[in-house]
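Dropping a structure here in structure tokens format, bear with me for questions.
Order as written gives the chain letters A, B and C; numbering starts at 1 within each chain.
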Amino acid sequence: MSGATAIILTLAIPLIGAALIALCGRWPNLREGVTLVTAVLLFLTVISLVPEVAGGGRPSAKLIEMLPGIPLAFEVEPLGMLFGLVASGLWIVNSIYSIGYMRGNDEANQTRFYVCFALALASTMGIAFAGNMMTLFVFYEALTLSTYPLVTHKGDEAAKQGGRTYLGILLSTSIGLLLLAILWTWQVAGTLDFRPGGILTGKMSDTALAILLFLYVYGVGKAALMPIHRWLPAAMVAPTPVSALLHAVAVVKAGVFTVLKVVVYIFGIDLLRDTGQSEWLMYVAAASLIIASLVAMTKDNLKARLAYSTVSQLGYIVLGAALADSWGIVGGAMHIAMHAMGKITLFFCAGAIYTAAHLTEISDMRGLGRRMPFTFGAFLIGALSIIGLPPFGGLWSKWYLALGALEAHQIALVAVLMISSLLNIAYLLPIPLRAFFAKSAESVSAQAAPQQGIKEAPLPCLIAIGVTALGCLALFFYPTPILQLLEPLVAR
Amino acid sequence: MIAHNLPALQVVLPLIAAPLCLLLRGSNWPWAFATLVSWAAFAISVALLSQVLDSGTISYAMGGWAPPWGIEYRVDTVNAFVLLIVSAIGAVVLPYARVSVGHEIPAERHPAFFTALLLSLTGLLGVTITGDAFNLFVFLEISSLSSYVLIALGRDRRALTASLQYLIMGTIGATFIVIGIGLLYMVTGTLNMADLAARIPAAVDSRTLLAAFAFLTVGTTLKLALFPLHSWLPNAYAYAPSVVTGFLAATATKVSVYILLRFFFSVLGTEYTFERLTLEQLLIPLAAVAVLVCSTVAIYQNDVKRMLAYSSVAQIGYIILGIGFVSTTGLTAAIVHLFNHAVMKGGLFLALGCVMLRVGSVRLDAFAGLGRRMPLTMFAFVLGGLSLIGVPLTVGFISKWYLVQAALEQGAWILAIVILVGSLLAVIYIWRVVEVAYLRPPPADAAPVSEAPLSMLIPTWILIGASIYFGIDTSLTVGIARRAAETLLGVTP
Amino acid sequence: MDIPADIPGLYNYWIVVVLMMVGFYVVISRTNLVKKIVGLNIFQTSVFILYISMGKVKGGTAPILVDHPVTYSNPLPHVLILTAIVVGVATTALGAALIVRIKEAYGTVEEDEIQAMEPDE
């Protein structure tokens, strides 16, 4: 099928899927089947675009001219292709996991859950394949709105508060800062299209460029740059599959993806490097990186710790963008994939622990590894990938980020990367290690009322965990396809 | 022959229909008759608009008496668009009215109700289409008086005091307008708007003209509820019957904005109004304050109708901001927001009417759990709310886009931020309702509540659907608004 | 502008201004609803006088057609004011009707008493 059709299908499939899921609400097995089929179809459609994009082509589609000169248009390029693959691929795994989790915890409102998931994925596809900033903005807002019911799924007071923080921060930043940035760009450049080399060259003064960059980066609240990161820990009130969606599949990835796209296609790498106006961002990202890691170490709630870990990891990607050189961009883009795979593993494990053992605090998990070896084994793999140790994929993205820092003569930032890896070890590694090797916590043995003790999580969850853990491993051995895909970004 | 007399028919049809409606008995006959008339009026306005877009301004001499001595009906892009808005809202609201009015107003008053509604429609259409200044005042008073009647028919006894307050303030406003018109007549000797426009440049130094300007400013801004002359609006909208609020919120203030546009751009001229007397220095600060203050006040309301009424005052602030920029983009934003606000606010108030029908109250607490019990109604409310916030793919976004564009064009950064902050404030008050409707369980002793009847749901969804459709395909509304803006500014396209 | 000479010459406008302000003041300051409507009437009457007095032509007579040539006052303001008077009457009637209904509903026509009877939102 042609590129244009494929692009439209990537939007249509999840939308139609959402409608079908809503209709099948009364038959849970059928409904879950629809979700899985939709996810697989979406992934296949996305894959069908890869050959053309990898070969240098840019499939595009245009829907309607919303405002004069600003159409709702799509164009697939390497960054978007990567993001689209990550999101659609992980949706399949996440759906499998969700089935196990939602049923294992007997959650209410499951139909609404799956429908909103599908809608969120449709929005994500729109973001990934957007051809201009307006289209991206439209689907960005759609993503915020479609994930709100997911964040407030539980419906209790805590969920409401979490939802308020989530929506409040994301909408304030997108309407107050991002929209302003888009309008200013339109004013100055006369277009909002994504073009290699950017659309702002020679049109703005240096200070204006810096301010515009500030508006964009902080306007994209989903990138969770400190201090607007608060929505991410607040969104932990959601069920774990939603957290996985937020952190790994779609939401934060959409945020940093947008930042990368803006840097590469609105500003242009050369413009930023030549004017040096992204230097402040490097330091802000570095600070966010380190501070979030430090906060993560203080958190005893597993999901909260993982949340701050994500904030820190997103800082890596923003740092890569801010370096405004080839390796930095490549490293940042690769990290979208690597971090997604690693983090989703970690969240899946967190959810499995909650489902099987009803535990949320790390201090209660001592010795649990002996009863849930598979889960904590996968956790270990995910943690090693995030830390960036071989033989797991996370190594490559950190490698290229370090190269990028060197290329930009930012030795201090290389040091920052090193330090943060150490901090990652400090807050991630103890969890599986203590689970395997420490004595069981008092509360756990006291709670072991059913004499069999704690068993592993439901099977679908385990399947999902296994797949993503293997994914971390696979990405170590096969980074080349990703590199080849991203090459045009940095070709001179 | 009909085609030639369309301008006259636009007003005469509902005018004659009104007393006839009073003679009809029962509840269904007056309603059916009024609905048919409103649809006919809508058809006429569509025909007029297409005629104007094709062949330019229509000039119609009432009774064959040639202007400037006779009364002239003059239709150009600006008022053709406003005619369309008013008659479209009327055509959508009247089918809705059957059940809603049946529920909220005693049966013996129904013929009178529909009569008053038709008179209000007549008045609003008349104000829009006429090219004679005093004729404008007459139609303005026709629409106002019938509005006072309509509002007073609300169930709550506070509707009476609200109507009286509106009567007093509205009469003062209209009287100021007529004083202004009288002073204009003194200076130029004519009442025909086109003729006035031709003669005023000769009199720019006259103090009488200045006085006329002042009276017209105060009168029109009172009628369109610009802060701080808006105090009549929240009570009037809150206590009126649902149909009335839906109709008036979408039409009355729009027509008053039209009066401002007509007087200050076409009659007095941009040079006198904005370059010599710098009216924008008054309009812009007041509008900005309206946006911020009224959006904030809306957040604290516990009655959702009142909340939306304050929201309306804030939205009017947006329109006046757009006018205050005195640029093509700014005026385009203002005029397109006339349409956009009409559809989204109309839809929202109609959705509230559905809630009033089924639940009996529109206080915030009454919305608990409605997301599940009245899903279609609440979803309509959510979409309308998203449009108020200005989420892309809704009409609200289009208006905000052009407004901030206009602000940026003039380097007015603070105003751009004010506009965006207004959106954020809207998030807060809309989300208060959304949270209660979707995240709060209904009280245990609540009576079972079903979805609203189709005759009310369909008009609501027509308006909400329009607020989505025209947010995606903007060629029609923005195109007409741009042409209207260029006409007003005297820019040859 | 020659101030001393013009003030007595513009006496009609002074009357208009005085009536307008009196009416307006009554509307704002009186709490009795009936008095408010009366004030509104006075306010509107001042406008009538403005229009009619502006129509007077020096040496002109009532604008009723007669055989021989004569100077007429401007008939147009008279016509306009007939309309405006009707509007004023309708407004007053409507206002009075509303006051009757308010009296039925609240038992009083004093604005402050009515506000006291309605608890604040």
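The definition used in the following text is that a residue touches a chain if its C-beta (ideal position, glycine included) is under 8 Å from a C-beta of that chain, and two chains touch if they have at least 3 such contacts.
For clarity, every value in this text was computed on a predicted model and none was experimentally measured.
J.: Can you give me the shortest step count from chain A to chain C, moving only between touching chains?
T.: Step count on the best path from chain A to chain C: 2.
J.: Select the chain whose centre, defined as the mean of its C-alpha atoms, is least distant from the mean of all protein C-alpha atoms.
T.: B
J.: Starting from the mean Cα coordinates of chain A and chain C, work out the distance between those two points in Å.
T.: 70
J.: State, to the nearest whole Å, the distance from the C-alpha centre of chain A to the C-alpha centre of chain B.
T.: So the centroids are 45 Å from each other.
J.: I'd like the Å distance between the centres of chain B and chain C, where a centre is the mean of that chain's Cα atoms.
T.: The mean C-alpha positions of chain B and chain C differ by 28 Å.
J.: List, in ascending order, every residue of chain B touching at least 2 other chains.
T.: none
J.: Provide the list of chain A residues touching at least two other chains, using ranges where the numbers run on.
T.: none
J.: In chain C, what residues contact two or more other chains?
T.: Within chain C, no residue contacts more than one other chain.
J.: Help me check something: in the complex, which residues belonging to chain C touch chain B?
T.: It is residues 24, 27, 33, 36-37, 40, 43-44, 47, 50-51, 54, 76-77, 80, 83-84, 87, 90-91, 94-95, 98-99, 101-102, 105-106, 114, 118, 121 of chain C that touch chain B.
J.: Over in the complex, which chain A residues touch chain B? Could you list them?
T.: Residues 64-68, 72, 134, 137-138, 141-142, 145, 149, 152, 155, 159-160, 163-164, 167-168, 171-172, 175-176, 179-180, 183-184, 186-187 of chain A touch chain B in their complex.
J.: Would you tell me which residues of chain B are touching chain C in their complex?
T.: 134, 137-138, 141, 145, 148-149, 152, 157-158, 160-161, 163-164, 167-168, 171-172, 175, 178-179, 182, 185-186, 191, 301-303, 306
J.: Name, in rising order, each residue of chain B that touches chain A in their complex.
T.: Those residues of chain B that touch chain A are 386, 389-393, 398, 400-401, 404-405, 408-409, 416-417, 420-421, 423-424, 427, 431, 435, 438-439, 472-475, 478.
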